[in-house]
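Please read the structure below before turning to the comments.
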Amino acid sequence: MAILEVKDLTLRFGGLEVIDTLSFDVEEGGIVSLIGPNGAGKTSVFNCLTGFYRANAGDIRFRNESIMSLKPHKITARGMARTFQNLRLFKQMTVIENVKSGMHCRTREGALGALLRSAGQRREEAEIERVAEECLAFVGILEHKDRLARNLPYGDQRRVEWARALATRPKLLLFDEPAAGLNYDEKERLIDLIRRIREELSITIFLIEHDMGLVMKVSEKVVVIDYGKKIAEGGCAEVQSNPKVIEAYLGKEDEDGN
Amino acid sequence: MDLFDIVTQQIANSLILGSFYALVALGYSMVYGIIKLLNFAHGDIYMVGAFIGFTALSLLVGFLGDGWLGISASLILSMIATGFLGVGIQRLAYRPLLSAPRLSILITAMGVSLLLFNTVMAATIGEYKAFETGLGFEGLDFGNIHISYTQIVLVLATALLMVALTLFINKTIYGKAMRAISIDMDACRLMGIDVNKVIALTFFVGSALAAAAGVMAGVYYGSIHFFMGFIIGLKAFTAAVFGGIGIIPGAMLGGLLLGTLESFGTQLSWIGTEWKDVFSFGLLILILVFKPNGLMGRTEIERM
Amino acid sequence: MAANDGSGAAVARRTGLAGVEDRLAAFFDDRRHRYAVFAALILAGLLVPRVGSNYTLEILTNSFLYIVLCLGLNIIVGYAGLLDLGFAAFFAVGAYSTGILTSTFGWNFWLAIPPALLFTVIVRVIIGAPTLRLRSDYLAIVTLGAGEMIRIIARNMKDLTGGASGLIGIQRPSLFGLELNQISHYYYIFLALAVLAVFASDRLEHSRLGRAWKYVRDDEDAAEAMGIDRVAVKLSAYIIGALFAGLAGCFYAAKMTAISPETFQFMQSIMILVAVVLGGMGKIAGMVVGAMAMVLFPEVFREIGSMRMLVFGLILIVMMIFRPQGIWPDRRH
Amino acid sequence: MKKIGLVFAAAALATCLAAGAALADIKVGIMVPTTGSEATYGKDMENAVKMAMDEINAKGGVLGQKFITTTADDGCDPQMATAAASKLTSEDVTAVVGGYCSGATLPTLKIYADAGIPFVITAANSSKFSDMNPGNAFLVNAIGSFQVETAVELFKKQGVKKLAIVHQGDGYSEDLASLTQKKWKELGNEVVAYELVNKGEQDQSALVTRLKSKNPDMVFWTAYYADGGLLIKQLRQGGYKGKITVGDGSTDAKLIQIGGKATEGVYALANPLPEFLTTGQKFIADYKAKFKTDPGPYSALTYDGMLLLADAIKRAGAVDRKAIIAALKKTDKFPGLSGPVTFTDKNLLANSNFVVLQVKDGKWSLVK
């Protein structure tokens, strides 16, 4: 069963079609990758899915419900979380405060509770703290929780973002180039983490990635786009041998070198 | 006066008022375009420009007289002096803060404003200075409408300054550098553009234009005082945002439009003088809500 | 503060001072120390009327008023990162509502407070809601325009507000039969308001809502991706910040017995903002220091007369160049 | 910690100042704006008080005691004014002279009343003082309604049918404008325009066109000279041919300087300016000699106020605030520079002292 269905999605900037009648599904419990050369429109697809761009035509159904006209925060509340291609941490805040942001849509206490410090509010704060720590432990950086996020090494900052996304308790997690800037060891741990997220937390994963090695290692299905159009879809081996993909990617793989 | 007379006269009024707004708005807009600073002190620069012009004229009057010759000379002197003042302020107060949080530099601008305002207040003991010139009320009469030669000359001078500015921005290497810096300052640094020099030049031009407006206002209205920059600063700021801040033709359009709105707002009996400011600010808010980047600003991709 | 490299360097240059500052910061990091100092300050505040003259009380009352206003604006500018140049408008709405309800309609002062706060919220929502999608610079001009509009409306609606001369003869309230007509009464009232405002700010800052304000301030897109409704969060910051000002306005009207549009001019909004930035945005202790500095400065320097605002301008510039983060900034390690 | 230090410093300063007042001196507080846009007027008034004080002290003072003064800046702002008033009460002044801006002076009445301090107001003259006066304040300047009477007389004499009124949106000028409007309408006449000019806004051409389109016989400017000069100039420049009158806030040589030739023939309502008073010439000469500048529009009144206070103390027979207030109330035709001073039961000036002036050959001259 598909957790996410995209049908004939079209997005135009000015006269330019950034996404052109794109259709694909993401199966529940799967790990699916979206690949394509630079400028193929991958991040635009993510932005449409998460509500940051309003698509011009088509339909996006998440858990059997259209989310085309929803605002980003509503989509997150429905169980779709994302990370950003360039780190988008809350730089003036500590690691754990960053992760606590994910719990916002799962909690409800407002100004009055805070002012009176009601029992419900204190209980909820404790719960937020617990979940945030749990998520940090899951990605393995709990010991840094009270440091300022911007003072962490790059690889750890990435992990803060993952923990933050996990704290929204998603059903579907969108990773936008999670391996960018990571070294070999960190990539290996990322692969492990992606698998553990799926196995232990039963979260479906949809990722954009340039690193073909990583994509081929973890994905069960790959969707390939170029100039906003889908050019191939299927298993790793199937896609790799597709002539259209080779043509679109030729030279690109050499550059990446791994 | 019949309706036609009133409308024609108010159009003439709005041209004058709009010219002053536009000249001051240009300075706001240029500075904002290049370093994203709302230069709160700009209204006070206009005021200082008027005082420099006043001083220059009182010194020159013995040699050049108080007619157009003396006025033009003091106008140019004031533009140059005020331009350098703008550069000095930029160099001392704003440049050290280019990479600081935006609000700090905004507060600095307020500090500069207080400084200029209070210095002139202390120097003039808070008194109004009569800006006396040899210009009379003579002009062209069309029935009930009277347009003085002074008004005509001022509007023409404003137009001339704007044409010169447009040519400068579009045709010269410095103008191109200004536009490039407003798009991406870091890239310009990498390309070997002397960013500091171009920023200084922007302040020079912006301040000189404000000084021109200040001197012209002094000549036209016949009196200057230390807080003359406050209201026009506020209005010009509004005009700059109105047209799309950071966009040169936008500032001109914004100034003229705001002038027109105010003139006709004053005339309409259901608005009147008491409510005209509510009217112009209200309209500004509406425009920003529906067209958030101003009249001539580029629209960005629709976001939800 | 990603971009304060310059200021960091400036701090490092003055190692002597920076050392003291670090030790002070470490001292105040301990919650118990903070509470102890706060309690000592309140105690000292309670004792001042026994030794201070009416003049001292008047000035301190003014600074307490400013503390409340600064803490309110701090929620909007410091926590939520929304530049507001028309904050005095909400101060005005609170003051005028109370003044009109008590003097024109004969309401009891204490009963007039809830509707006055309600008006403040309504005005805030009318002005704030449509502008929330705007970029920060545009927000600045819109709030500026809106603030001026409120003042002009107050000036023009003569029958209700007394026009340019303002409302005069506002009744003084009584509390448990005691008529509040001495400066010392208002001293205690505003001291209590300031303490309350400090407590409220502290609790809000460390709550779910307070964090949400800061998320939106740091990165709106990321906050939205985390499921935070940025419009609702910003609006809540607007409303709560305005409530501080509205409440201060209620008591201000009672204290002054006469209010006029001049008190709520653009310059007033600017002065509050300057106090906030001077003190150190986002830091409660900074607001207290900033507000005190703002009120005491012109009083202490009364002797230099008209030059004092000139000096004040200079201080602002020098301060921003060498210490843009404010006197007592939000220090994170 | 720094702030506590400051607080105590301020407190100590205030106590020191209070203790410093020697018992043998009578301390008079001067509350005027010495900063902000109205600072010039404040300085004029401060000078006038000091001049009167020096003259009295030179003659041996009152009841064997000499006067000293202390000035508090009200900045023409209500908040600053209450602080200034508290400062003066803390310094234990015997009486206060001053009060320029009505809006800033009104909230201080209660503070002086609570302390029982007599307050001689020499410039502020909003009609609201009659309702707000707790009994210790005395207005030496005639309140707005007297000025309105003089104005209406003038308009009638000039055969005015259609009147246009322009004010500046501050308490003083709006008060005068609305009182005039009311009175003029009560007399069955027409007010064709009731307008406002923002303080400091230079361009008034749109307003001029609006006024012209209403075709008034007389434009009455109720606010201050600075913007008044501009309005008159632009009215004439815009081709307005009717008559113009300005209120007492504009009666200043600067109006003529700013307005230039356009002010020729303009009428003005004024408090008695020293130059038109028989006793005034000596005052002007003395003032100029002492301060190297011309007296301002409220200097003579303020000078009178200080002399009146000294007279009241003499009549009271003791430096006792209650007795001074009682003596001030009983003032009967005190011979001031600007005319005799007697108070109504509300402590307002009993008789109008307004005169009509007109600009002739670039100078103010008395009409009739």
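Every chain is named by a letter (A, B, C and D) in the order it is written, and numbering of its residues begins at 1.
Keep in mind that, in the parts below, contacts are C-beta pairs under 8 Å (C-beta built on N, C-alpha and C of every residue); 3 or more make two chains touch, one makes a residue touch a chain.
Every value quoted in this text rests on a predicted model; they were computed, and no experiment measured them.
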Distance-maximising chain from subunit A - centres being C-alpha averages: D
Most central chain, Cα average position: C
Between subunit C and subunit D, centroid-to-centroid distance (C-alpha), Å: 34
Subunit A and subunit B: spacing of chain centres that average the CA atoms, whole Å: 49
Intercentroid distance (Cα basis), subunit C paired with subunit B, Å: 32
Computed distance of Cα centres, subunit C from subunit A, in Å: 40
Sites on subunit C at which at least two other chains make contact: 1, 155, 306, 309
Of all residues in subunit A, the ones touching two or more other chains: 52, 71-72
Where subunit D touches two or more other chains, by residue: 39, 169
Residue ranges of subunit D touching subunit B (in the complex, touch as defined): 36-40, 43, 169, 195-198, 200-203, 205-207, 209-210, 212-213, 215, 225-226, 229-230, 233-234, 236-239, 254, 257-260
Footprint of subunit B on subunit C - complex, ascending: 1, 3-7, 77, 83, 130-131, 133-138, 140-142, 144-146, 148-149, 152-153, 155-156, 266, 270, 273-274, 277-278, 281, 306-307, 309-310, 312-317, 319-321, 324-325
Complex contacts: residues of subunit B adjacent to subunit D: 1, 5-6, 9-10, 13-14, 16-17, 20, 121, 125-128, 130, 132, 137, 144, 146, 148, 217, 221-223, 225, 227-228, 230-232, 262-267, 272-274, 277
In the complex, subunit C residues that touch subunit A: 1-2, 200, 203-204, 206-212, 214-215, 217-219, 221-230, 236, 240, 330, 332-333
Touching residues on subunit A, where the partner in the complex is subunit C: 50, 52, 71-74, 76-77, 81-82, 84, 88-94, 97, 100-102, 104-107, 109-111, 113-115, 117, 121, 124-125, 128, 147-148, 150-151, 164-165, 168
